[in-house]
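What follows is chain A paired twice: with chain B in the first complex and chain C in the second.
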Partner chain A sequence: MSRPSWNRWVSDLDAEINRKGENTVILGKERQKDWEVVYEGATGLIDLYQEDPESKGMNAIVGGFRVLMDGMFAAIDEGRPVVWHNCGCSPELIRGLEGVQTVPIELLTVLQNLVGEVDYTIALIDEAEAHGVAPEVCSIDKAAVGTVLNDLYPEPACMLYHNTPCDSQIAAIKSLTELTRKPMRLMDVPYLSGDREVQYLAKQLREAIPFLEEHTGIKFSWEIFREVCEESNRTAEYLRDWNELRRHTPCPQVSKLVALNTALLVAFSGDPEGTAIAKAFRDEAKERIERGESTVEGGELYRAIWYQDPVWFDLQFYDWMESELKLVIPMDLFGYYAPEALIDTSTPESMLEGLARKDLRVLPMSRQFKGPIDYFIDDYLRLCADYQVDFGIFAGHVACKHGLGGIGLFREASREADIPLLYFEFDMFDPRVTPVETIQDDITHFIEDVVRPRKEAA
Partner chain B sequence: MKDGLITAGIDIGSTTSKAALWIDDHLGSHIIGPSTTNPRATARECYERVLQDAGLQDDDVAYIVGTGYGRAKVSFAHENISELSAHGRGAKTLLPSARTVIDIGGQDTKVVLLDAGGQMLEYVMNDKCAAGTGRFLDFIARSLGISVEDLEKLHASGDYQPVRLSSMCSVFIESEVINLVNDEVPLPFIVQGLHQSIASRVAALVKRVGLVEDVVITGGVAKNAGVVDALQRNLRITLKTFPDGVDPQMMGGIGAAVIAGEKYIKQNG
Partner chain C sequence: MKKNEILSIFQEVIEGPRNIYLDEWVKAGGKVMGYYCSYIPEEIFTAAGFLPYRIRGAGSEDSSDGDAYMSARVCTFVRHTISLALRGEFDFLDGVVLLQNCDHIRRAGDLFVKKVKLPFYSMLSVPRAPKERLFSWYLDELKRLKAEIEAHFGLAITEEKLEEAITLHNATRKRIRSLYDMRKKDAPPITGEEALTITIAAHLMPRDQFNTLMDDLLADLTNTEGTKGYRARVIITGSELDNPEYIAGIEQQGALSVAEVVCFGQRSFGELIEPGVDDPLERIARHKFFQVPCARMVECFDDQVAALKDTVREFNADGIIFQRMKFCDPWAGDGHNLYWRMKEEGIPFLGLEREYLVPASGQVKTRVQAFLEQMGK
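Let's turn to the complex of A and B:
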């Protein structure tokens, strides 16, 4: 069965929303047009992918996000406390307080881009800049500030953040604290990731518990936290298997799934919905391998590791790579799930240490964008070898100084490993910096000039 | 039909157009002419002239590859390739030890890094800015009231004391040069400064892909000894030259002709 057209669906959805007009209103001040659009979008995507038995993974993650939105709206209706967190902060600890709703500050932007409504993100970015946020701050962080300026998130009881993966996050966190005047606790994530650093972060996680209890009015439960960590481990095991399965040649699944993995971890770690999504990723890959199916119609010609940041503003871009270039991305920095993810649930201390270890060594970006550049480069070279790729793509998200700062060393390591490397700069949530057509040209020319001749010569 | 495999490369650049014949394993006749507003006709004319020089007919040529900015207009070519591939292959064929190829053309600058086997590993291009290209030298020479050929003579005509040009943009550099002339700064020092300005831009590109020797320079600007001198000083290396005095400006056309031979053999055994 051929995949339904996303483009066609997006235009149908726009027409549908216009037809419904004010009848589509979802009650509540936080449920303004922005939420209506992403909710309708998610619903439309679920309808779209449900028609396609090959889209188990996409269907699961979009469905998961709709459940998350439902949970968020229900929390408002039921008066349950809401805690905001950032993408460097895995939400398991917050889930140890029964009934507390977690909201990642990047949520709305991710959803807008997932459903193809990037114009809404652009408006939020512009609003943040107009408010005084520096243009060089990461677009997702600017959009988060724009979201809060528009009161688009439910009011938090408090906020729990990690000062990772980057300076932009810290800038956004400061802005959000200033705008909301809500209690905020910031974990100091150290530069290195050894056992000493794990202990250091675990101690801060323990200290965050009374802070969360005080501001949510809910008692932290070690038993619930254990269940949450066990759920997180189940998700981790599926993702570990999924990472292995995607090594298969030909790659069994669409490239864009790897880009979505970080969203899965940030929004759903410790949530049964996260395990269901990870299982769907794993099952889809397994079943397609068993049936001998390639995600590229007509067979894949090229494989590449995509490093740094995905083209979030146009996820159809990945479909284009597969159909036009026969190029598949079996793994990227956002999809890679490091093996240290399992949390030892035997004691409270072991759980806190396990969560700290996950925050330090596993969460994409947090793992690579701190500490010596060697972490960043070594992961890349390992992925290139494990996934047997023809070349690497360093997609330099302009705000990401952590990656771009090491580009010289990165290039040098690629040359020494004899791995051709395409480098370009863009903004992952703002198509105005580098249009998708320019990125398409860059990749097409690189394949024509470098990759194809090398393959032919080999 | 003549003996041996004869192929052709047609390189339609922004400023000049080139055609070359490759006969088995050596360079045949080749020409350089100006590009025109009719690249289709220019390509045909260049091709017919090399055939005429070599005493060949169209039927004698087994395969034709077009390259350069106007490659899509080489309507009689069997296929076309990018100038990156053409310059890389041309340089590697004539100088097998070449690992880094710097091409300074009329409209852009490219640096190609080849692996030990001669395959392209990486490249960088400056195609957004006129500073550091042949066109830049053309219009600065005009501003100074000299010919572009005089630049290298002036470069070598005195002590090496290049002025430091601070502007990053070719338009502002022109203003800066006019000010220097009015300040009676000796012309050789200004010209050395211009060459140094180009060299520093090109060197920055080279460092991005990583300098691996041997390094060669191709394109029309490669014939300006002043730029070559400045680049050698900047990179602190000696640039290699092609054997038998082969014109570095021909490298795109030669590379295209070599690739045409490989394509023909691959397709016909």
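Let's turn to the complex of A and C:
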């Protein structure tokens, strides 16, 4: 079976929804059009590809997101409290309050770009800018503001945010707090990631519990929290195995899967659905290795580490790289699960410290973006070595000023390590900044002019 | 000395990276500590016997050296300052202290470590919410900084020296407060351009000498005829601003700036550090941590708004001009939020974007004119 051409397919689906009219009914309640598009998109993809053994990982994560949407809609219907959080916040602590629904503020944008229609994201970005959010704020944060301006998320009882991975998140969480005027608590994630910092964050997590209890009206359960952390650990173990398996040459799985790992961690950490997705990622890689299969038809010619941010607005782009260039991305920054200790579930303190350690040292972006440039560069060089790549691609999302501010040192480190580096700037959620064709040209020329001659010479 | 003579001195002080007072200090064997942000207490440097020197990009003709390391999407303030540093224009510094106040400055810190390589470097991790629950971390960071300075330079920052530093810096705060009080008059004896020149100079020269000049200036200002005939009184706020020419461009349109609530302006001084029996470092830390917050801080927007409204009322301002360095995300969030809050409050608000070292352009002037007309001025 050929790879799913999702974005085009979803466009057709969108046209079909349009024919049905604006008020399609999902789960017994009228939902906004934006949610209809992503829900129908996810459902359609699952229906179409659920039997496809080549799509086990993708099916699992799309299925997981549908379950998450079901949970969110059900929370509205049942009047359960909702807590918003951001992508710097792993949601295990919130799950310690039974029945509370977690909603990452990036959720709708991620889903719209994954299974829905990018034009909806663009509309939300434009709406935020028209409302006064500066254009240089990250597109996912602008889209989050647009989502809130349109009341597309269920009203939160309160919000729990971490001040990572970037300043744009600070702008977003302040704006969302201002727009909703709902109680908000900030977890201050410090500059470094040592043991002192772990203790500092763990203390804040503990102090956030009464805040969550007060505003959700639900008692925090250490027993539920323990189960959540154990679930989080199971997910982590699968992801570690999966990271190892993707080192295999040839790479067994599609490149785009690695881009989805951060969404998995932000949306599903501590949720059995997350473990199921991680297991599917792992199983698919394992089985394909056992069958001796490469994700690139005809065999891979080039391997690269994709660093900084994925092309979320068109994940088909990765299919193009594989089919046209025989280029595979075995790992990227979003897919990397750092080999840190699992959450020790023996005591409340050890769990809070374990979660703090995960927030600081594991969660992609938060791990690499917030501290000194060495945090950012060292992981890149490690990935290049571990995954035995021919070159690196620094996909500079225009809003990631920390990355763009470190590009000179990053280039120097690449040169010293003798790893060819392609650098370009684009917007990961907004194709108007750099069209996908331009990125395709950049990569094609770089391979032709730099990578291929170098490989031939070697 | 008269107002114009003193202002000329301050103008010379702020023109480039070096100034005559700094050079004399260095020539006499004094040490100089560079720093970047209002959350870094100058009192610690003073107590260590250093001249605190707040880093800025004045004198940079282009940012090409910084551009070699940073994308054009990094703010021009940071690229100019790091360009000066890479060119050796800050070689008089014995060290530099930063905090992770924004993504841009963090990367400037990396370049200071790896490329500029001053003898001493420290990066503070300052919490992003001015809340009591996070204060002890900030205090610990200051203790760490103090210990690092003591160890590196082989000196002791005693409580007595900290108390002396508090007294010296409070003396500056009193003078700045007196200056600002004069600006509340219907005919302020000083313009916004001049006031910002003064407050910038305070960050670049020995405080005792600055205070002496301020005494002369304040004495002369009591007899100075104030500015009349302006069309409106405005508060200038927003991101880092150390370019008086920019304010001059605004004032030329008839908008008199009566308070600059910006870094290098009022925001850097605040209230006095009160005497007390507590550890002086803790009193310094409380003063800095709980000052009127800037945009990097979260869970405090109501406090920011309240402080701004108080300033509008105290200075009898007609409106607010908010300026933001292009690509500054923290102030991008606050710019959006302030616009809507001020709309609720019925306070006229103009939002402007700018680049570092670029004076107010024709476009800015046109927008200020339109703003004044909107206010019916």
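Details
Keep this in mind: the second predicted complex is superposed on the first by the 435 of 458 C-alpha atoms of A that agree within 3 Å, B and C clash if a C-alpha of one lies under 4 Å from a C-alpha of the other, contacts with A are read in each partner's own complex, and residues count from 1 in each chain.
We adopt the following convention: a residue touches a chain if its C-beta (ideal position, glycine included) is under 8 Å from a C-beta of that chain, and two chains touch if they have at least 3 such contacts.
Bear in mind that the values here come from a model prediction, so they are computed numbers and not experimental data.
Of the two partner chains, chain B is the only one touched by A:454; chain C is not.
By the touch criterion defined above, A:421 lies against chain B but remains apart from chain C after alignment on the C-alpha atoms of chain A. In the superposed model, A:166 makes contact with chain C only, not with chain B.
In the superposition on chain A, contact is made by A:133 with chain C only, not with chain B. After overlaying the two complexes on the shared chain, residue contacts for A:405 are found with chain C alone; chain B is out of touch. In the superposition on chain A, contact is made by A:373 with chain C only, not with chain B. When the two complexes are overlaid on their common chain A, residue A:445 makes contact with chain B while staying clear of chain C. Residue by residue along chain A, chain B and chain C are tallied for touches, and C comes out ahead.
When the two structures are aligned on the shared chain, A:206 is found in touch with neither chain B nor chain C. Shared contact residues of chain A with chain B and chain C: 408.
Looking at the complex, you find that chain C touches chain A at residues 68-71, 73-75, 78, 100, 102-104, 106-111, 113-114, 123-125, 127-129, 133-134, 137, 295-296, 298-299, 301, 324, 326-327, 329-330, 332-337, 339-341, 351, 353. Those residues of chain A lying in contact with chain C across their complex are 131-134, 136-138, 161, 163, 166-168, 170-175, 177-178, 184-186, 188, 190-192, 197, 200, 204, 207, 369-370, 372-373, 396, 398-399, 401-402, 404-409, 425.
Listed in rising order, the residues of chain B touching chain A in the complex are 81-82, 84-85, 113, 115, 117, 119-123, 208-210. The residues of chain A lying in touch with chain B in their complex are 408, 411-412, 414-415, 418, 420-421, 445, 448-450, 453-454, 457.
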